[in-house]
Structure formats: structure tokens, C-alpha cells
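Right, one structure below, let's go through it.
We just call them A, B, C and D in the order they show up, numbering each chain from 1.
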Amino acid sequence: MLSVENLNGYYGPFQVLFNVNFKVERGDMIAIVGSNGAGKTSLLKSIMNIELRKEGRITFEGKDITKLPTYKIAKLGIFYIPDTGGLYHGLTTLENMQLAAGRRTIDIDRLKEIYPEIDALLHRPADKLSGGERKIVSILRSILVETKLLLLDEPTEGVSPIVTEEIYKMLKKLNDEGKTIIVVEAGSRLKAALKYVGKIGVMRAGKLEYFDTTEKALKDLELLKKLIFI
Amino acid sequence: MSVDRRGFIKTLGAGVVGLAVGAVLGWAAKPLEVREVTKTETVTVPGVVERKLPKATVKIGVLGIRSGLWSTYGEFIEQGARLAAEEINAKGGILGSRVELVFRDELADVVKQAKELVDVEGADFIIGIDSSGNAMKVGGIVSELGKILVVTHAATHRLTEELVYKEGKKLIFRSSVPVYQDGTLAAYIAKDLPVRKWAGINGDYEFGRVSWELFTKTLKALRPDVEFVVDQWPKFGTEDFTPFISALLASDAEALFTSIWAIELVTLQRQLTIMGGYKKFRAVISTLGYSMDVAYSLGTDYPTAELGTWVSARYMWPYPPTKANKDFVDRFKARWGRLPAYSAETTYSAIYMLKAALENAATLDPDILIKTLEGLVIMTPAGVRWIRPEDHQAIYEVPYGRIVHKGAEVPLLEDLKAVPAMLYYRHPPFT
Amino acid sequence: MDLTPFLTQIFIGLYKGSLYWILALGLVLIFGVVRVINFAHATFYVTGSYMMYTFYMYTGNFILSLTMATLIAGALGVAFEVAVIRRVYKLETIYQLLATFAIALIFNEAQKLVWGKGVVYIPIPEALREGVSIGGVTLNYYMILIMVIGLLLFIIVILFMNNTIMGLRIRAVWRDPVMSEALGVSTRLIYTLVFFVGAALAGLGGALTVPLISVGPGLADYLIVTAFIVVVIAGLGSITGAYIISVLVGVLSSILVLITPELDIVILYMIAAFILLLRPQGLFGER
Amino acid sequence: MSLSSRLKGLVNGNTVALLLLIAFLAIIPLTGHRFYMYIATLIMIMGMFAMGYNVLFGYVGLLSFGHGLFFGAGAYSTALFTLKVYSDPLVGVLITVPVALLTSIIVGVLTLKHGKVYFAILTLALSMIFWSALVKLRWLTGGTDGLVGIPKRGVFVDVSGPIVTYYFILAFFAVIMLGLYILNKSRYGLLLRALGANEDRLPFLGYSTFTLRMVALTISGTASALAGSLYAVFYSVVTPDVAYWTFGAEPLIMTLIGGPSYFLGPLIGALIFVPLTTVVARFAEYWMLLLGIALLAVILFFRGGLLGFLESLSRELKLGVYRRWRF
């Protein structure tokens, strides 16, 4: 579905991604972990064509998206959620939802299926939500459009373990419904991620050092920890 | 002012002379020594043969505002200068030498332009200059330039009173009337109007301030019963006068004095009309109201107050009604397709002043030319100009007139009131 | 004490404030959304004025001329955005500023080549020539019209921004262009749209003033400077703030003319600087 | 090989260029051509202004729209001092140093606490207040007509001849250029440039951002004020125009033309800008049009300025000459 080939990424004169290669199949749920500054966020941004300059080739459903402007990539069905959640301060939850939905009407019942307590949040400004609520709302936005691939940057950062579980369950549910998901996580979340995802990748210093199924990864756990924490 | 002014007032009685005899009377009213100077001017030099200038071309550097909002003024200067040069060259030049003009934009650092005119272009004279500030700047370095400067528009009295008279910068001359026209003469018009309470709106810069000061002082002296109830000071470049106008209208003034000029005056007059100013003010004096850019812009919309919209300029094409002037207006119109604005005439005449001096002296030596120009009397479109030796100010008459509409493209003037220039000019020693 | 003079000054101030507002609105939109401080705003204003004059001279139809002037100024805004601004979005602020400054210089002179150096104006529409007279000051219907248009624009913009998808998208781009792109919003389109609206508004302001203020090259400069002061005091990017401050600045400067004719601009600059020193983000701005 | 490379290290491109330029300026009066002297004087004055400006812009990365304030403060303090207190041009110029220090500190305290965008807006606002005060305080400043007759002949020095004026200004020019050069080479200069490059990292090194910026502003303001002061002496006239923001933007334009990341960039900019406007002004009405087009071309195509363009050119040719002109 998504393939990344020989990807090099730069911020100004600084190279942040080094020859990254991987493939994502339809229905995958993937976690990419790594320490701070390993290039995880840059990887997602380069897929979305945000900010950095890049070399290499990225295709999505057979279409070359390397040079497409961000909004066109989004329109192909890739939904990106930055680590902040990307909600607009000053806009209400509903307005944030509407923004993602565009001219489509918002199907509240569908939202309730995934997250029953949504009603209470709809008319509150996004900056008045708790950290967990923000993360949830930001994910819920993805089901308002025909999302095929969901890119999440540290969806559980700064969130309590209970909410982390809740978020992962929600993601799993979306994955079961057929959405392909790539989650980027800090090293400390490795264990939580391993419980839900099917494939795991490890980044270090701008390189994708490891990429395999969870089963395999569980066997290589020591290696993974080494890659992440050293 | 000088001691003998009171004497003039007595001699002239009313001080205001009719249109037809204005020029003649004004001429007659000039002090005796002036007429003596005339003689030296009229003395031709039959004995000398082969009088020639040391150069085949006399170069005149012309400064004016040629960019930005006020560039119409530079255009007038250019048209006046070109007409004069073309005429002179068509008649064989000055003592055989051709007149060549070089134009520069005074807004592009006037001192730099002046120096470039002299040092690079080799100009023998510098004329023009619209802004008073720029005239003072060039005036300040004139001895360094070593060439004669004839200012043809900038009106600050400091140029001639301070730089020439007090500081002795003898290279400076001025062919146009100074701010006395705007301040002092306006008071002579105002004193005969049956109104007592005056309002003023003037630019918040030297020229506006001095105009109002001269106007109020003179009028108070002529008519002690008048009052000045409100004055407003919009800054240079004001595009909307509505708050100032409503402040004027909120007073109990019966008449309005303004020295606002050019584009700003067009807006001021229109907004005054719109806001009911012409219902309130029985008379309006606009010191530069008959500048041709304003007259053309307002055209048939030029508002007229009950007791008249009294306007003047540094020269107005209908005055004086001499053949010389009529011919000039016709030639100008034929050449440029419009009536001459004042700075066109003052620049035109400045070149003829230089021509007269050059023909008399037959040299380009500034010191000799200064002596020749001092006291020079010359017939110009605006009438007879006398260059006062002490301050190098050209003295000639420009009347005030009342705006009337006679179906022409531009409004015309009626009731032209001329006052001899010597009467209302300030005189040495300018105390 | 007779309060009539103050009333008339307030009225005049409201009219002037409405003019500032029409200009400030375009500046706020362009700065807020596109993050470009647009020195060329006066260009659009003057274009509106000259277009109004030109169309009126040919057709004599006020409404038609007003519409055309507004649209042409808007179109010029689009051309400007596409040809110049788009190339400098990613550069430092200073280059954007200078680009708009350069454009302002070029257009100022180019307009002179087309329309000459003199001033132009058109008459006030027949129906609006009279006015209400208070204490000797005529409060012209045309000035009242400008106030009404200002107020209507405020209501329309607020309703548009809060109740339409496009308004929502503009607000989204305003706050976070990157995220908006990720949500499938074309920021490029929004930028162009905002430039169109901002330039059209400036053109409308310019067109509306031709009957009242004569127009010549560069004559809008002071108006634009005041509009900038308004935007800065209000806080770069606050629409409601810009409206309130426009009107306040209009009224205040108008009353200052009455009480301290000597010092009006100094006081205005001082107030602006004082507010900025206390709240650099402006009265209504967020940091 | 080792000797020549050591020589290269010693003979920095900037040193040679600066000394050559000063030497060149010193012989211009020998041509006896007053207009060249005039242009050269303007280049020196505007060059000082731009070089001073760049201490803030190019080194520390702060964009000021209010440098007309410093230039104007210098010009007016010299004018007022020589006209009303003590009639001597040398003392009149020197008096601007304390005035500039004071002005810089006041401006700095008011503006430096906020971010870069606010610094630009606040400096603009302060300079406009200063300008409107110059216009309005007519009894002191002469209003829009300014102050006339600033003396060239004084108790200590007499610079009334054009050649004397020229060398008087050249002396100040040389001193200020060498001062700025020493600053640039010093540890302080390095710190200031480091601050411009990365303001987040510096506090860890034990330096307060505020203090460093204040130092840069003071140096920049003093150089600008001295330029203004010499301008007043040179013209004998000052008008409020010199404090207007458009005048204050001229050093910025010169800096961009020359290249802000080169020590001599602003001076090279002045060297181009001053004669260019002189030539272009001959097209009378269209000179502002041409200025606009030139500016737009610089922004769209030559953002490194002339030196940046030359550097990339020499890199293309594998010469690397102009790299040594960088800070």
C-alpha cells in the first residue's frame, strides 16, 4: 500500500533521515519506536511532504506521492496526526471535526460507536480539553473522512496508562475495521505498543535499523532495547 | 517692516487699484531709485562689437519635484523652462550662445542633484525648486557651488531675508513672490470684506505657519475689530480634511483663510462644499487657489462663497492684461495644451532674467552677474519685475480675484484686486 | 458647555474609523492568514480609486463602477500573490516585507504613467448629496453610507468566518497552516483567496473614497499608515479587535483635532507605542 | 605551500579590501573632482550607517525599522549642540557618542525584551514618535524645515573647505570601520554572531541574551548616530526626513544588496546603492520605479546580496575566493 524507497531527509543543511526503506501492506498496524531525535517525526512529515526537503521515492497505492503538496496527499486518504494532536485552539471540538469532514455532515452516531462520551466534548473549545481527550478527538477526526492510512505521532505522549490503553483499543478497533495505521512512539512505550501492533520498526539516528513482525520482535527484544536506549 | 510703509499707505490711499490701471499704478508707486535703475538696464551697448559669452552653450540646471505626489509642480517648472529656452534659441540664443536645460528631481536628494548639475553636467545656473526646505538646503551650499541660483517657486521668506540679506549669500535670487503674497496681501483683501470673525486652516509647516501669522498680524493692524476664532493645522500630505473642517464649522467664524495648496487644496475645497462650509463661510480666501492644477481639477465644481472665493497664486494667467502676457499665455497654450501655472511663468521669467543679465554683462562670472541682476528691471508676462538689490527678491504684483464660472473649462476671475507689491512686501532690514 | 462640536467630531471620527477599518480588515486577514505584512496594501487601495474613476467616466454608473473597481483590485491582489508573494512565503519575514515594499514602489510609479500626476475625483451620487445638519456641520449621507458599509462588512465577515466551511478553513489555516494541509485543506488556495479578499477590500475602500477624497498617486499613504497602527494596536490577527480599534482611533484622532490641534499625530503614536510596550501582541492579540 | 597557506590565513580578504578602500577614498580628492568627492562622502556616511545597522541585522539577526531614530538623534544633537551651545564641528560630532549611548539604552530597555517581530514593530513605532516630535517641536527643531547653518568652522577645527570636510569625514569613517573590524574579529563579535545563529544555546554558555543584544544595539546605534552627525556637518542642514522610517530602511536595502552575512557587505551595498541612485535619478520620474524593480530582483534572485552571488559564482568555478569575505 505504502512504500518508502531510499528516503533521505534534510532540514536546511542538516540531514535527518538516512536511506530509509520499508513497505506497508493494507491492514497493517505498525509501531515505529525510537528515542528522541531518532527521526520518527521527520519520517512521518516526509511522507506527508511537510517542511523537510527530501530525496527518494514514496508511493501510495501505486501512485508516486513524493512531490505532491500535503493537502493532495491528505486527499488520497492519508490522515496525519501530529504529536500535539493538531487540534485548533479557539475552535470547538465540533468545529475541529467539521474541518476534517469538510462539506460532509458529521455522523455523530458513528463517532459514538468508537467513543461513546463524545457528546460531552462537542461544544467545548479544543484548548479546554484534557490531554487525553485531545488525543482521542484528534483520532476521531480521522473516521470522518475515508481514511485509508492513519499516521500518528506519539498518540500516547503525556497521557495516563489508562487512557493509553483506551487509545490503543480505539486504534485497534479502527484497524479491525480495515484502516492501515502507523504509530510512532517514544522508546518508553515499546511494551504498550507491542501489545497491539502487528509490525514494529526501530529508528536510531535517522536510520531505520529494524523492521519486522511483532512475533519476531518479541524474540529480539534485547536487541530492540539496545537499539532504542543506546 | 520698514519705516516708510506707512508713507506708502498714505500715498496710495485705498491701496487697492482697479484691474485696468493696476499695473501702471503699481509701477508708478515704486520708489524713485527703481526708475533710475531702469535707465541702466535700457542702456544698450552700441559701442562694443562682438559681444560674446565664453561658452557656446549656456547650461541651466533645473530642479523641481518630478516624482511622487507633487510631481505636477516639477512638470510646470519644466514646461516654463522649455518654452523660454525654445524661444531664446529660436531667436539665436543669448549673445549667440544656445541655452541648454538639464532637469533633475529635487526629491532625489536635492543637494546631491545640485552638485551633480554643477560638477558633472557643468551647469552655469541653477533654477527652480518647489519645496522651501530644499530651497534652504541648496541655498545653504550655494557658495560651494559657485553658481547663481534662481528660486522660482519655494516661498519661504527665510531664503531671501536670512540667507541673502543677513548671511550675504549673494548668489541666491528669487523670481517668484514669497509668502508675503499668501499672508500680508490676503489681509488687504480681507479688510474690505464685511466679516469680523475669521477661521484659518493651514499646513503644519513653516509656510503654513508664516502665512497665517502674517495674515492675522496684518489684518489685526488694518482692522482692529476682527477676531481669529479658530485655527487648524493639518500636516503635510493630509488626504482627508473632514475632522479639521468639522472643527472649523463648529466655531462661529464667518470667513475662512487657507494657504493649503495643490492636491490637498482640491480635497479641502470639495470637502468644505460637501460638509456645508460654503453655507457657513460668507467669504473664503485661498492664497494659492488659482494655481492651475487646482483650477483644472475643480473646474466647474470650484465653490463660490457668498462674498466671494478669493484666490491668488504667484502668477495668474489673466493678469496683467498686457499684450506681453496675453502673447505668453497663447504661446504656452499652443505649446503645452493648457494654461500656464504660476511656476511655469516664474521659471520662464527666471530664464529671461538670466538672459537680460548675460546680455548686459557678456560674461559668466557670477560676481559680475550678481551686480547686473541686482536692481534689474525687466518686463515679463507677470508684469514688470524689479529685483531688489538688498535681498534679491523679484518684486512684482499678483492680485487676488474672485472665482466666477463663465462656462469655461477652468473657472475665471473677477474683481481682480491688485496692491502695489512694495506696499505689502516686507522690507530690509526685516525686523 | 455645548457638546455639539464633540458630537460632530465623533460622527466624523466614526466615518473615518470605518475607512480605516475597511483597510485594516484586509491587512488583518492577509497578515493573520498569510503572515505577510503587506506594504503594498495602498497599491490596491489606489487601484480601486483609479478604477472607480475610470469606469465612472465611461459609464456614469456608480454601482457598476464600484463593483468593477473592487473586483479588479482583488484580481490584482491575486496576480501579486501568485507572481511574487508565493515565491517568498518560505523566506524570512524581511524579504516578504521588502517584496511588498518593492511592489508598492513599482505600482505607485506605474499608476502615474497611466493616470497622470494630477488628482481625480467623481461626484457624490445624486441621492446622497445632501445630509443631516448638526450645529452648522453637514453630516453627509455619503459619509453615513460608508459607516453603514463598514458595519455591514464587520457583520458579514464575522458571520462568514463563524458559519461557513470556507470561514472555518480560513480560521484553521490562520492558526496552523501545516495541520490544515494535513487535513486536506489547500493552503495555497486559501492564501490566494485571502489575498483576493484583502485586495478587493482595499479596492472597495479606495473606490468609496473617490467622491469624497480626491485621489492622486501616493495619496493613500497616510491612510494606510493609520490602518497599520490600528492593526498593530488591535493585535496582528484580530478581526473584532481591528473593528473596535479602527473606530476608536477614528473618533479619538478626530476629537484630538478639536482639543489639541497641535499634537494629534504625536499623541496617536505615543498611545500606540505605550500599548505596544505593555502588550506587544496588541490589545486583542494572542501571543 | 605551507608559507602561502599561512599567508592566506593572515591576509584575510576583509583586511585587504578595507585597507584598499580607505586608501582609495583617501586619494579621491587628488582628482580635484568635487562631484566624485561628494559621492564618496555619501558612500562613507551611508556605509557607516549600513555597517552599523548590520551589527544588529547581520550579526544578531534583529530587524530594526527604526534606525532613522539613531541617525536622526546623531544629526540633530550635532545640529542643536553646534547651533545653540558650542560652535565647533569636532565637539559637535563627539557629543553624539554619549547621546547615542543613552538613546540606545533607552530603546534597548523598551524593545529588547520581546520577540523579533515585536522588535521590528516597536523600533518602527519609537522612530515615528521621534520623527513626529521633530516635526512638532518647531521652537527647538525648526519643524519640517529643519535646522540650517550648522557651522563647519569652529573653535577647534575648521572644516569649511570641501577637501577638509572630506578628510574630516574620512578620518571618522576609518576609525569606525577599523573599530567594527576589531569587534568582528574579537570574541564578542563571535558571541554576537553565535547569538544570531542560535539564540537558544547561548544562555547555557553563561551569557544573557538580553545583555548581548543590548551591546549590539549600542554599537549599532552609536555608529548610526555618528553617521548622522557627520551628515549634519556635511550638509549644514538637517530636516526630519532623516528620522523617517523610509530613510531608516535605506541601510537595510544597502545591506541586502551587498550581502548581510559578509563583514563588508553593507559597505559594498552603499558603494553600489549611492552611485546607482545617482545614475537612476537622472531618469527623473522613473527612478523610484527602477528602485522598486531592482529591489524585487534582489529579493527574488540574489538573496545573498552581491557578495553571496559572487561567492556562489566563485564556488562554481572552484575558486572559493569570496568565502574568506564572510564574517
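Points to keep in mind about this one:
Simple rule for what comes next: a contact is a pair of C-beta atoms (placed from the backbone, for glycine too) under 8 Å apart; a residue touches a chain by one contact, two chains touch by 3 or more.
From a predicted model like this one, the values you see are computed outputs, not experimental measurements.
Shared contact partners of chain A and chain C are absent. Chain centres here are means of the Cα atoms, and by that rule the chain farthest away from chain B is A.
Compare each chain's C-alpha centroid with the centroid of every protein C-alpha atom shown, and the nearest one belongs to C.
Two chains share more touching C-beta pairs than any other pair, namely B-C.
Distance from the chain A centre to the chain D centre is 51 Å, each centre being the mean of its Cα atoms. Look at where the CA atoms of chain B average out and do the same for chain C: the two points lie 39 Å apart. With centres defined as mean CA coordinates, chain B is found 78 Å away from chain A.
Within chain D, residues 136, 285-286, 288 each touch two or more of the remaining chains. In chain C, the residues that reach two or more other chains under the touch definition are 108-109, 112, 262, 265. Chain contacts: chain B has residues 67-68, 71, 235 touching two or more partner chains. Contacts between chains, counted with the stated touch criterion, involve the pairs A-C, B-C, B-D, C-D. Chain contact summary for the complex, chain C toward chain B: residues 4-5, 8-9, 11-13, 15-16, 19, 108-109, 112, 117-121, 123-124, 129, 131, 133, 135-138, 140, 142-143, 209, 212-214, 216-223, 253-254, 257-258, 261-262, 265.
Those residues of chain D that touch chain C in the shared complex are 63, 110, 114-115, 117-118, 120-122, 125-126, 128-129, 132-133, 136, 249, 252-253, 256, 285-286, 288-289, 291-293, 295-296, 299-300, 303. In the complex of the two chains, the chain A residues touching chain C come out as 48, 50-51, 69-72, 74-75, 79-80, 82, 86, 88-91, 95, 98-100, 102-103, 141, 145. Every residue of chain B that touches chain D in the complex is listed here, in rising order: 66-68, 71, 74, 103-105, 108-109, 111-113, 115-116, 119-120, 132-133, 136-137, 140-141, 144, 156, 158, 162, 167, 204-206, 209, 235-236.
The touching residues of chain C, when paired with chain A in their complex, are 165, 168-169, 171-172, 175-176, 178-188.
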